[in-house]
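Each chain carries a letter (A, B and C) given by its place in the written order, and its residues are counted from 1.
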């Protein structure tokens, strides 16, 4: 019997969506392990965790560590605090979401706890007294099954993969000490653009490629993304050409995304791009070349001139949403 | 300036993956191996920092099989000074085991910087760099896209969702490189020839027990075949209808 | 984005190369994919040489790569040098011509026939791309018969005065320096041919690009006119003597061309194969049709033979055994088969094959020049014929 510690993330005092996924996954794992779920919240002093609804996704307890240095992600502080809580005992697993912060945090926690680590997993389970994990490797070309052989394992979960359900637990909030010793200082966080939705967090992504012929035409993509309430993504070619920032790049050397809907416009579908988006629930492709590889992974495809199709799609989506 | 760069020999990303006989690793025959693309940014950064400092040493380390010497040689051809191969027939799936072996080699090395690529494109763990930092007790910033160093102090930037984090630290430090940190140089042909004479020390990797094991490696589930709905903008209403009623994502 | 070239290597010739030779090949290969191929189509159509790439090529050490390190060169062996030419020509024959001229026809004669002062003065600057050179041998009326040239160099009190005209000179209009071959004695005495290093800004020297080319369009091809061009005594390449001197330069260049042709063929084959696998007609990829498979099989067979041919030639050259006749055989064969491969690839590509977006037709057009220059196909036939039979059939 062992418990699961779910490390959550907040931004500006609000719980990040991925944290609900982590707590939910922790709930499933704890049930398999015969244990409870503690959700760890790290934030500025007075961070109001009771409003996070963590009990609703399965947290038995909510442990809050507040410190001025925790308002933003602080690598050593978060790792030190999580490790201290985990060391206090009784845990079989520590779960983290593989966000930008989580990818940085999970290895640090694992090293401090001398625990085995599985990262960016799409499945986590408990079998024969050990934590097991499923994860994509080789740019999504293969799936690995792992067994972590230790009393305590650290696992980071791929965002947008563990859709949370409801599991009403108490979620009683209590304070834990913040471990603040730090070797680095996060000086500031520069926001990208006003309310620009990050491609890795969005449920809808509209991506543009070379077919758009020039940076000025990306306005078409932006309008469609807006109509769909989604984020703008980009292929490597247009990022390398300087049309779009690297933060928007979807693909092997960019971001891996798993949205509900991915619309690929003027993108041929090179292996490296597919690696970043082929686990999307629904893929739509728009391309003038009917032999483009993207059509092999698309659920729905339209062949033709994107300069005619995309505005029409934006129009029809707006109509559908309004009506 | 004394800089260590840890690199990894990985299958080229264009390679078609086939499972090996034991279904726990890929079939390596016919696979082209290259230096992990993110590690190239780390090597380039090390070379630039050495140049800016007006001198120093760049040492390239790799944990892997004998064939990784060729990978190290590639970094020497770019301009690194010497290489160290920690020999292991197979790189364990246990990132912490790898980190411990690297940390044992790096300990007491008097490094100003220890650089990594942010992740390897084969196992995509994003872990060894920060783990080594923890084991060595050094400050660490991961996935950096910008770096400034001055007077034994550094400021790095890393992309996060919706923005950029600016992080300050003192040297010595461990940094892992994101794409775009710099533009890696091609090895000059002269550099390729010079690399032949640069030393590569080979020793067995001090690998402890691996607590992460791969029990199976398989192909991902096939996506159900989709369909091309038609040509031109007139098909759009049908697409929207299907996205609503069939796919239920609208 | 064009897919990266992974090589064509049916007989695992890579395993016969050393680690350094592979590293050299892979560096040039990647550079061609990243830097040359994206721009070459536009340059070809515009008829311009991509000058902006020269500094990078120089910095990577592409010029005079098989000359010694003491002159700032890479000091590679001849197989590695050949691999550079192979990969460059996979990019474009005109760009490979630039490198061939600079390395084999300008730097080589200075290295082989020049004084120490000349070598020190020119070679490092040429390796670094600071000084571009050209090779003036061919004349309007003397192509296959260079011994008949009428450009003269008469000795004067303080040097030489040169008069004549050269044609079909690669880099002529942009070169800072021209290696001019001229007769110092009677016009019927080819033994009096000697080489001169002529700065192109010397009074009386002019160069003009030839217009209307349908081949090698991404290359500068010029006429040179020398009208009472006075050069100092130290312009003479002291060890040059007779026709053998410029011909030995040609042998160096031809060696590189034999490799280059393989590169062009490899590029055409690779493009054709990728196209055949994804182009669908009658409900199947055209790679399923027998006639296309035959095309591809023929191409691969010729490429494989050509690869093994030049590899052995390179090993012989490193032993000092690459005679001009052995080089003739390779140049003659490899360029001829490359022409065939390019043509067949163009045909496989169908209508798309006439577009500059694809490389086949550009290669096809370029290779016609490569067939003709550096010794026409027919001339090499006679060189071999004479070697085999002992009987000259030139006249």
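Throughout what follows, a residue touches a chain if its C-beta (ideal position, glycine included) is under 8 Å from a C-beta of that chain, and two chains touch if they have at least 3 such contacts.
All figures in this text were calculated on a predicted structure; none of them were measured in a lab.
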item	value
Top chain pair, ranked by number of contacting C-beta pairs	A-B
Farthest chain (mean CA position) relative to chain B	C
Chain nearest the overall Cα centroid	B
Between chain A and chain B, centroid-to-centroid distance (C-alpha), Å	21
Gap in Å, rounded to a whole number, between the CA centres of chain C and chain A	54
Chain centre separation in whole Å, for chain C relative to chain B (CA means)	39
Sequence positions of chain C contacting 2 or more other chains	3
Sites on chain B at which at least two other chains make contact	14
For the chain C and chain B complex, residues of the former touching the latter	3-4, 6, 19-20, 23-24, 27, 30-31, 59-62, 65, 69, 73-76, 80, 84
Chain A - residues contacting chain B, complex	72-73, 75, 79, 98-101, 103-104, 106-108, 110-112, 114-120, 132, 136-150, 183-192, 196-198, 200-201, 204, 228, 246-247, 252-254, 260-261, 271-272, 275, 278, 281-284, 290, 295, 297-305, 308-309, 312-313, 316-317, 320-321
Interfacial residue positions of chain A with respect to chain C in the complex	210, 236-237, 268, 270, 291, 293
In the complex, chain C residues that touch chain A	1, 3, 278-280
Of chain B, residues touching chain A in the complex	11, 13-14, 16-17, 19, 26, 37-38, 93-96, 99, 121-131, 133-135, 137-143, 145, 155, 158-170, 179-180, 211-220, 223-224, 226-233, 235-237, 239-240, 242-244, 247, 249-250
